[in-house]
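Structure, as structure tokens:
Letters are used for the chains, namely A, B, C, D and E, taken in the order the chains are written, and counting of residues starts over at 1 for each.
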């Protein structure tokens, strides 16, 4: 087939058929349905909160009633009223505060340590591609390994005190921070580096003035994930060996059938984690504003 | 029929007669298939039985008492370990003069298991017996059983209340010497590890329970009668355990006669166990023998009756 | 053929993005909208396409009220918006697919157009493999094959380099000649507007409004060299003047 | 000060001072150091692998020697030779294969289940902003909660069999998948939606033809993370209750102080996790190519 | 003042991105490079800035061999590359900071320039708050304050809309007049090249080479209206012809 300019083809009537098809498409076989743009109106905050509270109330109510009627075995599951009483006792006995503080302390220390060291390690990969390539498989190995499997060894090394909990919390946060910071390093704008080098910058200048600041948003983005991981590490550390802490409370409660206490400890843990989550979110938004992003 | 699951809190040489009964086909002879499952989360092994997922669990009958307090009906049907299978050890340089344990322990720290576990309760029981107030006279370092070794080794505690195989390992490593207080010997019969089933199992499937108990009793007898073959079974169950540790542990167990000979749980046995947990404050109210122990299937007894 | 009459104020606070604006666009014409950034050109398009409801006023297409109804006109946004996970062919048939035409039929229908409009051989490639000009062509074909009588083009060639842009302009004119649709075209490039259009509407900002209607009476087809003819230059100068463009005076910085 | 056009200022000599400063800057006070662009040459793959193996060999050698000389306490740390022997026994006794397969099975099931359900849940948020706002705090709560704290309850619900391990593995992967898919939903190009609506599309069409495909890369990106999480879940599930599996082997080894066995199980676990990691990476690159990205 | 002589082939396989190219750029001139995409304009800039080592050939600045040395010339890449975490002021002093000037001193030095070149009041804002034109101005100031005698500008106004572009051109000319530096300018917009330059070098592709040197002898200062004068149009046409631009003939699609 020889190439004919399409305009010429059209003039020759060659396009009649497809054009006709166009017309047809517009009319009979698929009538055009007139639709309006789907628009969802945002509910006011009060309505949202009301629904959320409502869901909670209904869930708790159902649980209590189900426990009353025996549909749920309160022996295994406990019941809201019993949990409420236990919660009171837990706070009155003064354990609540000391346990929470203990868990909070290991969490925060592990969080800070793991995030800082991990981020620094991840940033160090910028300095040499070969170094990064050599170290990478070891990191992947450590990442994909369930760190909790190392728990028995951690006690050996770090003892049964605060250090072991902090170590577990750090171990969990370290790798994630490393990988994220490394992803940040890989995403550093090549043209930015070129700009710096065109100005005659040294590698150290490029690192401090370009690489570190551009990785800050990446490191910030990991804070929220790390808070959960650090908490897990601290709690598991307490499972293994501890004199106090919420993890120990859960372990103890499990051993003596105090299911209500398990729930209470889990609840306090949730409140703790949400508090930290909110704090980190706030920090995050502050930091992000700080770098003008 | 369907396999019966026996939940164990830890895979331990202490339960050797149970493994012997499995390996020697005593359950098979009763037309039962028994599988052992490790369940290590607090009351997990008890819950597994209560919720019907496991047929029996191996552990102290005090768990039946705890469950009873919350409305769960469990019965100990056969005894396995009839001695308080824990030992009080001391760091190498410590000597106890004239059996005055109170003086030796005063002002020191004792490493033991978690609160709620039997080693912990026995530690509290002993402290109480020797009139030592916990917190003021002695400090308890409560930790995972395996970590007692590390705690004593690192000098965080001068004494330890420990179980096999840690005892043997600690001796071999020179972390501590031979036990300074042999609890199996000193406390005598102690319903330490029994096999416990749901009360409803006894009512609904008495034949099954009977066969199960008979097989365990056979395992107990076989263990004492053929120690060499029992050791062979142990080796199969614990292939990676260093042979020396395995032998030393079993030697001590045979020497201290920790296992019940016929599976009976005596009244004395339970009263020791009970006073330990009540002293520790874990069991809040007295539970009578009959409420949690049912010996009707133990062969010797049945014959006696 | 078409009578778009729009009068509205957007609802974002008391900000009047568009003062009442009335545009009348005859069938089959090539009409350009030019104006400074933020004068509401894209807003007009959104209203016509039904994606934004006017605070007041109506949109009439073929004399029928089409205010707020979607799927009536072809709308090519400034970005090409080709779906990266679809082949070029499947991107082009998107409009037909949404309307319910079976995929196989739509593909058969679209294939000759790809062939004829310079995308032959790329039917089964993904958009990532196309150059900027080819991407714009695919996006334009998608708009055309949607088969509406009116086509709105929002700065389709803004991101192209000068040479590609010139090629695309020729190509657009050819398509327009072939298909005979009504085209409304937004651009920042005055030369482009004059070269392509039958009519130019010049807009001003704060509030957005149409300040002039300039018919372009240059004969078609227009050769490239038309840009240096006095008639063309005069039209261009007039548009630039209307836009308040610095023409001769030394402009102050900032 | 009145505004004077800067060009005029320059002509009036107003700029003399700063321009002079420019000149100075170029000469005396900060002499311009002539630098070359720092360029790192990539090592050949063989060299990289050699270094990696070398590091391993040196580490193992040091360990063995340190254990010999008593610098490291072999009782707490075990030693490579003992680990090697235990590895052999582990494989000869036949446990290795069955344990690995058992853990693998729960991991894969949990991975598939958690990722699929989580992604579907995350995608569902596209349908309604209000629904998303209502559900969000619950998700955050569940995310930041250490799921392991729920271990005592998991047996009650899912029993002691495979289900409990799969449930834990799914629980760990579910939230991450949900949040990632939701992030994908939020990143859906608004203009893409406008394009679809301008064509008169229904919401269902927008969902299937735009939202789902554009979230696929997000969901793919989570696969690698999820494989580690699923493995953790499965192992912890075995910690809680199990007849076999690598988690049970670690638990047993920790309970009886067989440190060599801890290492062996951890090693086998690493190999398993790296194998899955590589498989998922491969799958990821295939899928990415599939969507032309 | 400057004598750049470049002869090289890039090392990417047997692909000759640049055939031996020799350019001689006299001190203080405003020189433009134009040519089709991929002809090696950016590559030349990279070589001159020391970011890419030539396969063969040398770069001479002020008669001294500067091949492969960085920090000798001011180079403004096509993207503005303002660091989003720095204020506008701190972005502008980057070059001085890298050279070791204390930050406070550099800031004091830079502040009056920001004031004078239309960025007054934005010193402590972040680049995100600037319009496209202001960003380009900040990037250009950064390049100027780096204080090198030679400035390379790679399509600095490519991404701006037509009106802003015109403003920026005026501004660049003023800066150039004020500072008296040598400027090498890359653009795709022929009109821009002719309007701004003293000399235009036209390049061709495969392999990249200079095919023509066109001196622009229009008197300065040039009013905007110069674009319609016959002299200007003739130069523009000549450049377009050299680029193989479709001038009059109907260009074929695809």
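Going forward, contacts are C-beta pairs under 8 Å (C-beta built on N, C-alpha and C of every residue); 3 or more make two chains touch, one makes a residue touch a chain.
Remember, it's a predicted structure, so these values are computed and weren't measured experimentally.
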item	value
Contact-graph distance - origin chain A, target chain C	1
Given chain C and chain E, the chains that contact each of them	A, D
Interface ranked first by C-beta contact pairs	A-D
Averaged-CA centre spacing for the pair chain D and chain C, given as whole angstrom	45
Distance between chain centroids, defined by C-alpha means - chain B, chain E (Å)	84
Inter-centroid spacing, chain D versus chain A (mean Cα positions, whole Å)	11
Of all residues in chain E, the ones touching two or more other chains	50-51, 70-72, 99, 117, 174, 253
Multi-partner residues of chain A (each touching 2 or more other chains)	6, 32-33, 35, 37, 76, 152, 156, 197, 200, 253-254
Multi-partner residues of chain B (at least 2 other chains)	41-44, 47, 51, 144, 146, 150
All pairs of touching chains, each written as two labels joined by a dash	A-B, A-C, A-D, A-E, B-D, C-D, C-E, D-E
Chain C-touching residues of chain E, taken from the complex the two chains share	36-37, 117-120, 158, 161-163, 166-167, 170-171, 174, 188-190, 221, 223-225, 228, 233, 237, 243, 245-251, 253-254
Residues of chain E touching chain A in the complex	46, 49-51, 70-75, 77, 79, 81, 83-86, 94-95, 97-99, 126-129, 146, 252-253
Contact set on chain A toward chain B in their complex	75-76, 152, 155-156, 159-160, 240-243, 248, 251-257
Residue ranges of chain D in contact with chain E within the complex	6-7, 9-10, 15, 18-19, 21-22, 25-26, 30, 32-37
Chain A - residues contacting chain E, complex	5-6, 189, 191-192, 194-201, 205, 209-210, 213-214, 216, 290-293
